[in-house]
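Next, two complexes with chain A in common: one pairs it with chain B, the other with chain C.
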Partner chain A sequence: MTRALLLLRRRLVGSVFVLLIVVVGTFLLLEAAPGDAVDAYIASTGGDAGMIELLRHRWGLDQSALTRLATYLWALLHLDLGQSVTFSRPIRDVILERLPNTLLLMGSATALSFGLGSALGIYAGARPGSFRDRLLSIGSLALYAVPGFWLGLVLIIVFAVDLRWFPIGGIESIASGKTGLDRAADIARHLILPVSALGFIYLALYLRMMRAGMSEVWRQDFVLAAFAKGLSRRRIVLAHVARNALLPLVTMLGLQSAQMLGGSVVIESVFSVPGLGRLAQEAVAARDTPLLLGIILVSAVLVIVINLLVDIAYAFLDPRVGASEAGA
Partner chain B sequence: MSPLRRFLRTPEAIAGAIILVALFAMGLTAPLFFPGDPHAIAGPALLPPFQDWSLPLGTDRLGRDVLAALLHGARTSLAVGLAAAAAALAVGAVIGTLAGFAGGLVDEVLMRITDAFQTVPSFLLALAFVSVVGPSLGVVVTAIALGAWTGPARVARAEVLSIRERDFVAGARVIGMHPLEIALREVLPNALPPLLALSSVIVAAAILTEAALSFLGLGDPNRVTWGGMIAEGRAVLRTAPFLSIIPGVALVLTVLGVYLAGEGVVETAAVRRSLS
Partner chain C sequence: MSDFTISRRSVLAGSALLLASTALPTIGWAQTPKKGGRLVVAADSEPRNLNPAIVASNGVFFISSKIVETLAEASFDGKDGLDPRLATSWEGAADGLSVTFKLREGVKWHDGKPFTSADVAFSALQIWKPLQNLGRTVFKDLEAVDTPDELTAVFKFARPTPFQLIRNALPALSSVVPKHIYETGNIEENPANNAPVGTGPFKFAEHKSGEYYRLERNADYWGKDQPYLDEIIYQVLPDRTSAASALEAEEIQLAAFSAVPLADLDRISKVPGLKVITKGYEALTYQLVVEINHRRKELADLKVRQAIAHAIDKDFVVRTVFLGYAATATGPVPKNDPQFYTTDVPTYAFDVAKANALLDEAGYSRGDDGKRFSLKLLPAPYFNETKQFGDYLRQALAAIGIDAQLVNNDSAAHIKAVYTDHAFDLAVGPPVFRGDPAISTTILVQSGIPDGVPFSNQGGYKNDELDALIAKASETLDPAARTELYKEFQKKVAADLPLINVAEWSFISVIRDTVGNVANNPRWAVSNWADTWLEA
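Entry: the complex of A and B
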């Protein structure tokens, strides 16, 4: 337990610096954007020059860049991301409202790609160089070459337009009045296509990593020893080879979370899932830069938290991790 | 065996090479076969493919030639993919080399910046950058490179850490070369091979990111892009799905070609290394 805590403490300190750099970066982007929050506000509501002056002063936009950065940081410390002009509500509330949908989409897609990907990877890696191994590795490469948004459209054409098996988009049936399990089943039905589109792209990555890892492990002496002991091939594949190739995949789970979030932007737009990604696209369309940068900040925090969780899981799975620090 | 013949030994590499050659041919000959504006109206709207041989792939909602758009789109995809990957590799190589060679505080600062860029989803970063600066070819290339340089930087740094202890670096120090000159002229070129192995993945990712950006309407509005074509086809998904499917297939083939050729190159290099 101390191992995990020590690791966590060191990672947290590093994360604070990283987050600070992200904040300064987003602030610079905000500065680079043509026009400021007042221009955006006036453009949507109308107002005269006096009104503009007043608002600039009230929102602190007539201060120097450094003062504004300090104000921005101070507000962020209080979890205040500012006001969204398009929604006329605090950005934090808008984001928090959309976040669960994205987490649900990402979580399911990750489970799909990790589960099915590593299973198929074990199937391919069990007999290196065999026909099924070659077929699966070419197939996974082809799958990895498919743009997620296009796969989503193809799934819509086949399963929603032609076969009418699944709804075309959205997160649940509008005003259906469903509650409890009925509602959960309804949401699941809506999520099957977007989760498949997002999950199948990244499935290839886990498949290939599993397969590559297993081909390394096959050469180790302990595999030979296991054969000499007379263990069944099935047992050797699952308990010895696959098990030792699994750990790098856990690391990949954390590293991929940022990619997954980026991928969900397009997938959510294709399937009109009201999540963080769709919000990002709405922010772009409405030129609501503060909202867009708020989404980036929240995503960065999310990625950091996921990686911390993966690190802790890793410390539990592999006793060597962090052992040197606990001993010191 | 010559490197080219060794490269063409596996069926995967041959397939990749054929796809890429065909693609470059498409991109280069687009202005010859379709000299006019690909945005110009060429025939009746929503003509299905293989009906009229003067418009073999049919027309879109506004009656524009799909084949002409496809060829011009190949130009954009390849240009953006190659330019963004080249920029990402160059920036990553320089930053990684400086971090690894300088060590200490410089290394620490540069690597924390790398961490920060890896923490922000690269697609969101590209989206924000293009939407703030405004879509044009150069901006799209920069936006993609912004999210792609971190991988090469890490690889370059790891290489440099092992190279900087070698004798020829010590030799360069002894003859009084400036550290910056040693880093960029002696160490960097030796750290390049693993970076080049990474390049096919980066080109492929850049092409996919460009497609996704233009799908969301953030591509260069003056150019035909495959992502933009897919987005246009989306409006008539029920009646004319071919408008979304054709450019998508082109995208898949392109990225697959890049991957396959890249694997071929890596394998060729690996064989050469094991031979020598």
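Entry: the complex of A and C
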């Protein structure tokens, strides 16, 4: 356990710097984009010079960029994410409202792509070069090449419009008054299509990685030894070949979590899921800098935590990794 | 629909045909309204402020007009094109210094308190005049509102103000909010701005950010037996294709403000149970306009502007960009306006040879590469159609030897580039005609407007004659004389081309045929829906 704790401490110190770079970088990027929150707002309302000046003053946009960044960082130091310009509400509340939806979507999609992807990868990798191997490899590659929004639209047209098995979007039925298990079932029904759209695309990655890893392991001497011992093929595939090919997949899982956040922007829009990705897109369009910073921060923390968990899992899965880290 | 504000009045040949083919079968059928039911409507944006007294825009009205009512609403057949709402009558004094409103009796706010003239006085003086995006112009000379009794409000103006203008402004600019809720604290920070309290047929129930708004029936509404619906839900559907899918899947019953893209209309009009309707937006006309930066020396030359006007095939634009759901424009007032429009203006027929000749005459001959000069062209990003017209205009200009470089921006960047930085030569904009040229039309050509004001003359155009004409019209009280001045205004604008009006368009609704009393006034989508009902 101390191994894990040491790792944790080292990681946390590094994370603070990562977060600082992320915040300042995002702030500067958005500062460089032409137009501010007031420009974005008056695009939909119009207004005269007096009103525009009043708004800039009220939203603190008449101050210099440096002052605003300093104010933001100072508030952040006190764990205050500030006030959203677009929502006129505390950013913490806005994000907390959306975060569970994104976590649910991302978590389920990751579970789907990792679970199904590695299972199919094992199935394909058990007999490299066989017909089923080729079929799965090509099929998954085709799926990987499909753009996420297009897959989403096709799923909507087939399963929501034509067959009407699932709702076209949203996170749950509107003002249905459902509670407890009923509500959970309702949410699950709404999530099936978006999770499939998001999960199927990344499935190919895990499938191919697992398969490639396994075909490598097949050539190792210990596999030959296992055959020589007279173990069943099934046991060799699962306990020896697949297990050794699993490690890179766990690494991939950590890396993929960041990508998944990006991919969910598109899927959340297509399926009208009120999540963080859509919120980020709206924040950029509205030039709501504090809101976007808040979302990026939360996402960065999320990615850091997931990667930390992956590292810890690694340390347990492969004793050699943890030993070198802890000893360093 | 975009949160951005717009308008148009003609039902065009193409769309009228379409209307006839899809809507006629249901006319004359099931005319007794039923009570009850939940109407689910597509919404594409969530306005940051839902108070229509502060933000007079269609994005806000779409939701809040059911909750907060105005003094009067636009009407197809009412006197002066108006239907009474919170006011039952209105009368302007001959000297233009006062307007008297008689208010409706027995109206209650959603919290049970009575509605009185004090609420009207408060809304006008504390909100419309100082805070409202449009009211700041129209009510700028409003000095006081006298309330001799609970049901009379007398607006007093410091300078003579045309009653015609006030009347034309009523449907969009006169949302009345309760004094007792807004009188304490900062009006713009009031929580009621996001959970409005009004007198309307529906009460604000809840808003789940990113998901929906829910309005519920106001049982104490003043309209007899109204409203019919129990509930209205605005389902937030950010993706444009999802509104069409949701209609087909019967998850929503109405997509207004062209939420279904024009290209999908042909297909969706064939889905059984769905109707495509162009009616009900007559008072919400958007104008497709080429904004011109007169600081560019080439564009300051009238011949060049005339050449550009001749290079644009307006019929082609209506047919191809708007798929027929628009009308060609002749000047700054749309054809469908019943009060001010005149055909007596200079016109510019599509004539490439003439355009080339004009440019030669102006001294901009073609170089070796066939180009006369280059321009920066910025199409506004708010509508597909403004972007597509940008692509068309680039090609049209190429035909006359003008090399236009397209610059595509998002809303915030476009507003900044055009209206603050003036970093454009030509821009494509969609200004709104709001029933009276003084509300948001003359500002497009008038000089002396500070930098940064959106949807105004930021092209550096200055024409003293035109400025004088606009000033004179703003203080002319006699409606007939005032109308004449605006006809003169149209003629001058079309002659001198401070900007080029290309087309006029409005919106399309796609709706289930189970919804009754649809599109029965010229601002239907942003009216109160008290008489809308659902076939069970």
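Throughout what follows, the second predicted complex is superposed on the first by the 281 of 328 C-alpha atoms of A that agree within 3 Å, B and C clash if a C-alpha of one lies under 4 Å from a C-alpha of the other, contacts with A are read in each partner's own complex, and residues count from 1 in each chain.
Keep in mind that, in the parts below, contacts are C-beta pairs under 8 Å (C-beta built on N, C-alpha and C of every residue); 3 or more make two chains touch, one makes a residue touch a chain.
Predicted model only: the values in this text are computed from it and were never measured.
Novice: Regarding the shared-chain residue A:L105, is it in contact with chain B (first), chain C (second), both, or neither?
Specialist: neither
Novice: Looking at A:D39, would you say it contacts chain B, chain C, both, or neither? Reply first, second, both or neither.
Specialist: In the superposed model, A:D39 contacts chain C only, not chain B.
Novice: For A:A49, decide between first (touching chain B), second (touching chain C), both and neither.
Specialist: Touch status of A:A49: second partner only.
Novice: What is the contact status of A:M209 with respect to chain B (first) and chain C (second): first, second, both, or neither?
Specialist: A:M209 contacts neither chain B nor chain C.
Novice: By the touch definition at the top of the document, which applies to A:L141: first (chain B), second (chain C), both, or neither?
Specialist: first
Novice: Output check: A:V161 vs chain B and chain C. Expected answer is one of first, second, both, neither. What do you get?
Specialist: both
Novice: Considering only the touch criterion stated at the top, classify A:L279 as touching first (chain B), second (chain C), both, or neither.
Specialist: Once the two structures are laid over each other on A, A:L279 reaches chain C alone.
Novice: Between chain B and chain C, whom does A:L191 touch in the aligned arrangement: first, second, both, or neither?
Specialist: neither
Novice: Classify the contacts of A:I304 with the two partner chains as first (chain B alone), second (chain C alone), both, or neither.
Specialist: Touch status of A:I304: first partner only.
Novice: Which chain A residues contact chain B in one complex and chain C in the other?
Specialist: Residues 33-34, 153, 156-157, 161, 269, 285, 287 of chain A touch both chain B and chain C.
Novice: If we count contacts the way the header does, which residues on chain A are in touch with chain C in the complex?
Specialist: Going by the criterion above, the answer is residues 33-37, 39-52, 58, 85-88, 94, 97-98, 153, 156-157, 160-161, 164, 167-171, 174-175, 269-272, 274-275, 278-279, 285-287.
Novice: Under the stated contact criterion, what part of chain C meets chain A in this complex?
Specialist: On the chain C side, the touching residues are 2-5, 40, 45, 47-49, 55, 57, 59, 131, 133-134, 136-137, 188-189, 194, 206, 208-212, 214, 231, 233, 235-239, 241-242, 245-246, 248-249, 251, 382, 409-417, 420, 440, 449-455.
Novice: Can you name the residues of chain B that touch chain A in the complex?
Specialist: Interface residues on chain B, with respect to chain A: 12, 112-113, 115-116, 118-125, 127-129, 131-133, 204, 208, 211-212, 215-218, 227, 230, 234, 237-238, 241, 244-245, 248, 251-253, 255-256, 259-260, 263.
Novice: Note which residues of chain A are touching chain B in the complex, please.
Specialist: Residues of chain A touching chain B: 14, 17-19, 21-22, 25-26, 29, 32-34, 138, 141-142, 144-150, 153-154, 156-157, 161, 258-259, 261-263, 265-266, 269, 280-281, 284-285, 287, 289, 292-293, 295-296, 299-300, 303-304.
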